[in-house]
Amino acid sequence: MARPDLVRGVEAVLFAATEPMSAQDIAEHLGGEDVTPALRELEAHYKGRGIELVRRGQHWHFQTAADLASLLRREREEVRRLSRAATECLAIVAYHEPVSRAEIESIRGVQTAKGTLDVLMEAGWIRAAGRREVPGRPVIYATTPAFLTHFGLQSRRDLPGLAELRAAGLLDPVEEAMERAMGEREAGRDDAGDDGNIGRTDPNARTAALDNDGESA
Amino acid sequence: MNDTPSPAPLLSEAGWDAQAPADAEDAARLYIELDNWEGPLDLLLDLARRQKVDLRTISILELTDQYLEYIDTAGALKLELAADYLVMAAWLAYLKSALLLPKAEQEDPSPEELALRLQLRLQRLAAMREAAARLMARDRLGRDNFLRGAPEGLRVMKRKAWQCEWFDIVHAYGQVKARTAPVVHMVKDRAVMTLESALSRVSAMLGVAIDWMELRQFLPPHADPQLRRSALASSFAAALELAKQGKADLRQDTAFGPLRLRSAER
Amino acid sequence: MARPDLVRGVEAVLFAATEPMSAQDIAEHLGGEDVTPALRELEAHYKGRGIELVRRGQHWHFQTAADLASLLRREREEVRRLSRAATECLAIVAYHEPVSRAEIESIRGVQTAKGTLDVLMEAGWIRAAGRREVPGRPVIYATTPAFLTHFGLQSRRDLPGLAELRAAGLLDPVEEAMERAMGEREAGRDDAGDDGNIGRTDPNARTAALDNDGESA
């Protein structure tokens, strides 16, 4: 049985140490006394606790119990809205799957950054579904079951067709929608004087902003 | 608190003492080294402590004498004194004379009040001085207690949860389709006045007009702004065409002024 | 009695942490469970050992026992000594908080160099805590959780001699003490006249303020 004050001393020295220490290193802090019994006692004391005293070769150190390692990591969800570019890509994959990146670009009429598709894959909504057997063998993409689940769809056929989109006004050309919005803004300005249009600019501002960072996902 | 003041440490940086404060020095030098004190109040407190009596029962008159004596000593040694020490000296000299005056001639506030105020200030400074010493003497982290030398650290992993709704997808698809649809589609339902209709409209109206008419008067009065813009352009082109054909006279008095026309066949 | 696995978990998390942690911080690593009983149990378990579990304000951390400092000190950098001016400023902020620079200066009877408060802020012991709603809106200062941690205080109530200083009225402004003293003098002179208790109303307001944020720091 080691002297209690020696055990306490060894415990404190090892706790404050920045590196694993040999029995001799520790002893130097404790007036050269033999610390081996104290180390054995501490090793037994900490067995099964959240902290354990371990020996690696000649060196001793405290560490958190290996089975609790998962507690030391904590996941935090960061909710982020999908960018407009990514939303468009997702829509195109959903309506046209399987599609290659070149095909997505030709439908969107703009280049698509690699990162945009990566985001969709990270979200678990699209996956690489093989390669198209044409020159260059491009990767083709398709939606995943998680996509259907997230958007509450039984199948891709549940997505509204072009006729339905048109009926809902969703196929109105962007420019016209813009002009309508601009017209409203003009009207708003006339009605309410100089400051009257704060807040009425939203549709445009939002569209513009989305367009600008559309590709940065 | 020590009864004797510690020697003035050299300040290496604002607020932190230099590592090794000089040890006890010549007492005589201490006596006149005003740098040792943090201002006149501090010097007064130090003098008060030498009286070795409770601050609540201190004799302000005696303290005043000691302070003035100090200042005189410093003056005799030709030491530069900071202005606030001299201000305090002047104020104490006034206080002393007032305290010695007969009561009847006293002003408001009375010298007793002034003396009491000084006493209260000394008490408060002494209290904080002592509190500071006790605070500094506590077990302090990094001096008496130590944290773990090599903590594993805790990690927070950020996981992105992407948010997108059914409508966003459908809407986005509509936008893509609309954006990339043939241009013809977009012109089709735009309200325009063709050159032909403008020509017939302008020439018909010129036929019945009596005098010069401004171009704008030929425009359809109740059309929406978009149609009016188109009608203005077409009517202008029509007016030029009619003038070229010799059917109309054009007149514009100033640059950008109103364009007027009338029938050439009068 | 806390569940053994929860105790182990709390022990491991606090042991691995690089900073003192609140019960809530710890709970986030442990599925949101109430860790207070586990903390109490650990606090008792470590009492008298070479390492101790301590609470400072709302935060908990492990540290070596103070009586073993001499074993550990030799390789460590000395805590830098504060100048007398800084020491006094710190004490004044701690015992009077929140307090403006003018109030600090009126107690010390001398101007405070700009650097003095900066040093205390840089050390992380005091912080600007808003402005006093009086003409000039001076910045007011208060102590931080790191102050409690460094000086080994569970809360501001543990400040040495705080209760005595408060009882002696030594934390009240000179003006208040003057009025009280003059009042007493008057009272003594003409047998407790009407004005005898001027100034006895104020101290409570101030004391209450001190009590309130004692724990929240």
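Odds and ends about this structure:
Note that the chains are named A, B and C in the order they appear, and that numbering of residues resets to 1 at the start of each chain.
In the analysis below, a contact is a pair of C-beta atoms (placed from the backbone, for glycine too) under 8 Å apart; a residue touches a chain by one contact, two chains touch by 3 or more.
Here the structure is a predicted model, which is why all the values come from computation and not from measurement.
Between the chain pairs A-B and B-C, more C-beta pairs are in contact across B-C.
Each chain gets a centre from the mean of its Cα atoms; the one farthest from the centre of chain B is A. Each chain gets one centre point, the mean of its Cα atoms, and the points for chain A and chain C are 40 Å apart.
Centre-to-centre separation of chain A and chain B, using mean CA positions: 35 Å. Centroid to centroid, with C-alpha atoms defining each point, chain B and chain C lie 29 Å apart. Contact of a single residue of chain B with at least two other chains is seen at positions 146-148, 152-154. Contact with two or more other chains is made by residues 12, 15-16, 62, 64, 72, 74 of chain A.
Listed in rising order, the residues of chain C touching chain B in the complex are 13, 15-18, 29, 61-66, 69, 72-73, 76, 78-88, 90-92, 94-95, 107-111, 113-116, 118-120, 149-153, 159-161, 165, 168, 170-171, 174, 177-178, 181-182. Taken together, the chain B residues at the contact with chain C in this complex read 9, 11, 13-17, 19, 21, 38-42, 84, 113, 116-117, 120-121, 123-125, 127-136, 138-148, 151-154.
Contact residues of chain B toward chain A in the complex are 146-150, 152-166, 168-181, 185-186. Those residues of chain A whose C-beta lies close enough to touch chain C in the complex are 7-13, 15-16, 29-30, 48-51, 62, 64-65, 68, 71-72, 74.
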